[in-house]
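Paired with chain B in one complex and with chain C in the other, chain A is shared by the two complexes that follow.
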Partner chain A sequence: ENVDPQRTAFLLRKQWTLYSVTPLYRFSNARLRDYARLLSAFIAAEKQKGLAVEVGVELDIKVAVSSLPDLKGSDQDQAAILVQLSSRSPASPKNSEEKLIWSGWFCCVSGDDLSENVPEDFTCLPLFLANGAESYTSIVGNWFQKTFDCCFRRLAISPLHLSWMAAMWTGCKVDKTACAMELVFSVPRLPQPLDISYAIHPEDAKALWDTVQKTPGEITQEEVDVFMDCLYSHFHRHFKIHLSATKLVKVSTAIASAHCDGIIKFLQSQYLTGVLMLLTELAISRIQ
Partner chain B sequence: HLATSLPLPSERDHLRPRIDLIAFMIDIKSKYSLKNVEASLAHVDASFFLGKVCFLVTGVGRVNYCSIEMNAIWKLGEVYCSPVLFCELELEGIRVATAQRLLRMLQICAGHVPGVSALSFSSLMRNSADD
Partner chain C sequence: MQRRQSSKTPKQPLQVHHKNQTDLSAWRKGGRIDPEKSVQDHQSPNDQKNDSKQDSLEQALSYFEKVQDRVSLKKNDVLQKHLTTVETIALQRGLPPEGFDVLLNVALSGKLADTVNTRLLKSLVPASVIPETSVVSSVSWLCVSKCSDNVQLLFLRWLITVFDFIDHKEQLHALYGFFFSFLQDEKMCPYVCHLLYLLTRKESVKPFRIRRLLDLQAKMGMQPHLQALLSLYKLFCPQLVTINLPGKMKTYFKNSEGPWKAAINTVRRRNQENSPVSKPLLLGTAQPQSRKRKWNTQLIIPASSTNKNNLEEDREKNRVDLYSMNESFPVEQLQTFSQLLQNIHHLEFPSQMGSVLTNPLLLHYMNCIKDESIYLRLYYWMGQTLQEECTWCVADNNQYEEEFKDFLETVYKTECFLQEGFSSCEVFLYKSLPLWDGFCCRSQILRLVSWIPLSSFSEMKSHLYDPLAQLFFTSSLYFKCSVLESLKELLQNWLNWHVIHLDSDSDSEVHSLNTTLSGLVNVVAELIHFVGWISTVALRLENNPTFLLYFILDFYETVCDMYLRYNLPLLIMPPAGVFYPALLSMDSVSLNQLCYLMYRYRTNLVAAKENELSKKKILQFKFSSQTYQEYNQYIIAMVGCLWTSSAFQKDVHPQGLRMDDELLKKTTVQEFKTSFNIVYHPAMMGYAVLFLQQAWPDDTTFNFGLIKGKKWNWYLEYLYAQGLKGLKVFIESSINRVSQASHSKAGNVQV
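Our next item is the complex of A and B:
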């Protein structure tokens, strides 16, 4: 599944907030233009009601809904759906540039577990990623929930899953000089919040992972545990702190960075589908 | 009696009453607590594993804070033939219910319940594994 990097470049290096979405009822790929129109009217109505997002400047919001057919894992997956909100100030000339103020996209990568078990009329797009003001996310989410009888929930990532990501992404080959792998830990039960940041040279991390992983292409929980334990004991040797007693809250590698609050940043287009596959799996397990 | 790890300090051995039940507490948010329990298990006499040991897993209310994989915990219960109890300490109802369960188990282990001994716990576990 080689995704054309040009078409998905705009997804990289942006901070996306993750949601899990239950299957959409009576969603049709053929009606995307209609949905854009209806959503646009909904947003205008919400603004009339006084749920205005920006105080002062009245923004003219344009909605575009399109399909991203490249972002899927298997043929059974639904093509990803992209929703974009752009604004143009009414004061500026008619053909001036529109500014993208919010983006959100639904996707399903290798979501066969879910799509196989869902009745007809339902479309499975369990992962939703949003970038932009929370208020717009809320309005768009509400429209989808009302129109397709689905449910959005913030998708948090547990320390267990974050350590999987750390191990998986360390093993990936990166062309350019990779940036350091960084793990951030939050220390519990202290009067003042304390975060510990542990940066590891990417080559050292990869060398360690290569000695741990037995079968290329396969990862076991045991291998992830050994990898993390090595990192923890190295840290303990130097700082006498047991990182295993803290909460892993963020993982950053050259491939992507993920935060436990459910925030992701994609950094390499060649691994985009791989990361989406993992996130889809998380979203599905949250729904079921 | 509470201890953060085993073995218990030997200085107080002669003052210590008989130990009827050992409940190992594992906080699902802390990988360290699992490692600590695993290390402490090595210091427990084999006779305790005939029903006088149980694992108490806390913090299970929040899925998003999980630092320990469930399989590791099931395996621990299997390997040591001891029951695994789950509770969420922050919820008073569950805390009280769990305390009552532990108390009941303790009564049985101490021989205060006629007709039921600690051995029943391990035999109950073996049966469900055979299914």
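Our next item is the complex of A and C:
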């Protein structure tokens, strides 16, 4: 894939909380600096409610809004937008190091389904990923909601989609010796929560998947079901536990790890857009 | 075809939802019209006890208006009673604007003990706004120092908390100097600073005031409240304030929210629930708190605020007025209908479209502007909110059912106002109905069903009819009736839509696929067939209760008149499973309703036949001969049942009453031949008995045979006088009475 790994490296190995976002009304890529200025004033105002805030002066929290043109799937996709909040230490306001305290980005990878059907005034960036304190996510999200009349919703990942991710990522090639594939299941209706972690050697998993997948480059629901059933029956043979009766809550592979609560961690920059494509699809299915 | 026939009929179809149109006059705010009244006008009628509360509040207020000096609380039951009234009402509903003058006067005049004054001040929770005049007069009390320091402090804290509720602030600004003079009081200083901070404008910043503040700072040391005010002065007039102020402070002012904040939020929420008109101007302190942990899932309809996205590039200009706008009229200032008319050419929609839901003026505006992006913004917002807040689709949401109900209610009212269904609602219903238990938010959901836009049948069947039928068959009688009611409204809304579009689209041939006439006829026909089917089953399941029958026949009252009232070339007879239970009902109401239906069917069918025969234009649609045939079969059964006592012989409907004489004899009922006519029909026999009693008071044998000949006509007149209007129009239209003298030879007219 054509992403420069250097430029997106900072997105890797961080936990991102997923949101779906409805199209932004009257968002303009040409005014990112203005947005940064207004957003920083908004944050200052939110933090000291009721007091006057001047737009544009130096504030505790610096906001940067920039574009990430690399993160695209198709020509119709909007360039991703990155929002970063960093704090200045109040002790020495000048020249002191800025510390990144929160970041979030909007993106759309192969979201043609949505962007084709939306009038010009709207910008489709249906997937939002945030890392940092939720209080900042809330302020930034509220500002976007107020300014561009959009709606944010937490994007949970269903067990069905998690099993798709497990199968898809198993089939991906990774250069280095990869870490184990891990599936976490939670057992419902117990007095105490019980999680079952099921780790599989990545080569074994890949060997299994290769026997299941009929056409390379194409995956069907049936194949995913067969793959998961094989893993379940193997587990049952050893532990006499039917995993099909539990809920798949987390999938970790060398490509990425995903939690059903809507949290994702990207681990390989070459597969970044691939994973984002799937997540974009999930986000779009919720807002259409 | 009679195009505007609909307007001549007594019940005009377009007025059906008139009651839900929001009263424009109620929207007018400020000025001479009391906003509190408008709030109360919208309170639900079942809130009857509000009236008595209102009375006791008025009594309490007039008591406090006249109260004399030095009334002791402990010894005076009347004072105690009125004080408690004020406190309770204030915490529950907030006080009306006219209450503040009285209560502030008494609390600050020092007439009563401090405990009373404190309690009065603590209960000053506004229901809507606080009149500026009452605040001004309280400041004058403050200047004459009649009240204790504690009361003064409490008043200042109150003023800060409710600052945003004061209706005007011009006169208050004129008192800036007075407030400023209070700064010298050490105890009051922090609160006065806060108040001045709220009041300060650029023109308030004067060199002598800056000097005074600096003096105070020199005397009292670096106090955060003084610094706050100084920094604001510096912000307005950097050239005048030359001192260096230290960097950012965490908090400038002590929390002065006091005991009011929580109460204000509760009252505001409550009043917002009861009123379709939100108070978009209440900002700051009045913002409802987030009740849920998740920041983006609060069910709050945003307030209307100007779209600030039109900021200018020029930074210097931005310094002058923070967010400069183009020439557009700010929506926050839009309060009256005349303002809307004057500014309609440069009005802009608020930054969040969702806020139009509670703003009737903007809904009017929305009705005028046909812009796709408006609907799309609303579609996204509403769709997401409905999905996220749905109490049965999202786990852990069930504790917020009341809020969700209110939201659905607001959406429904908006749909009534616009006379149009939202597609986001349709999508939501289709997604959530299969999961619905038929109980949660029942009336709201069923009302939203009535605004589902016309769409293709295949979609309606799998998304609406199938899940609805499942619930319908397994739920209570009451639920069944509610479903029938909302499907009747759905039908009426579709038909109204059709009538309106007949008029507006008469020139253009442009129709989308599913709004062509044949498409519409098919979709409407499917709805009627669906209702016919579920009605038949429901009557069997519930054993023909009159209550259910009423709702079913009510539905058909719309159906039987579609041709004349809505200009739709479609008539569908009720299925036998509905017709016969109504005909043989034990209840005169159902029978009378059925008679009216058959009369309207006849009128519509005759009109259609005439149009067909005159062939003024080639008709695209004709009623099938099957409709006429069904009508004739039913009319034979009815005439046999009500007039000629020949139902068992002449009924030709396959599911009808025809029975062999042999079989009838086996029932051992004597005179089975006469057992069905307007005298002997079980639904009519009660009338016959009363008629006999009046006509032959001495006769106690109940000889029904006496009702014949002239008496038969008297009996008819008697029935008509009892309010059986449906029977009257039916007999007068459908029964051909050969001669007024002989009733037995009457026959029926077939169309």
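Throughout what follows, the second predicted complex is superposed on the first by the 276 of 288 C-alpha atoms of A that agree within 3 Å, B and C clash if a C-alpha of one lies under 4 Å from a C-alpha of the other, contacts with A are read in each partner's own complex, and residues count from 1 in each chain.
As a working rule, a contact is a pair of C-beta atoms (placed from the backbone, for glycine too) under 8 Å apart; a residue touches a chain by one contact, two chains touch by 3 or more.
Please read all numbers here as calculations on a predicted model, not as lab measurements.
Looking at the shared chain after the overlay, A:F10 reaches neither chain B nor chain C. Judged by the touch definition given at the top, the superposed model places A:F239 against neither chain B nor chain C.
Once the two complexes are laid over each other on the shared chain, residue contacts for A:P23 go to chain C alone; chain B is not touched.
For chain A, the partner touching the most residues, choosing from chain B and chain C, is C.
By the touch criterion given at the top, residues 197, 228, 232, 235, 247-248, 251-253, 284-285, 294-297, 302, 305, 307-309, 311, 313, 315, 318-319, 322, 351-353, 372-373, 376-377, 380-381, 383-385, 387-388 of chain C touch chain A in their complex. Contact residues of chain A toward chain B in the complex are 156-160, 188, 221, 225, 228, 232, 242, 244-248, 260. The part of chain B that touches chain A in the complex is made up of residues 29-33, 35, 63-69, 71-72.
Of all residues in chain A, only 19, 22-23, 25-26, 31, 34, 38, 48-52, 54-56, 59-60, 90, 93, 118-119, 121-122, 134, 137-138, 141-142, 145-154, 286-287 touch chain C in the complex they form.
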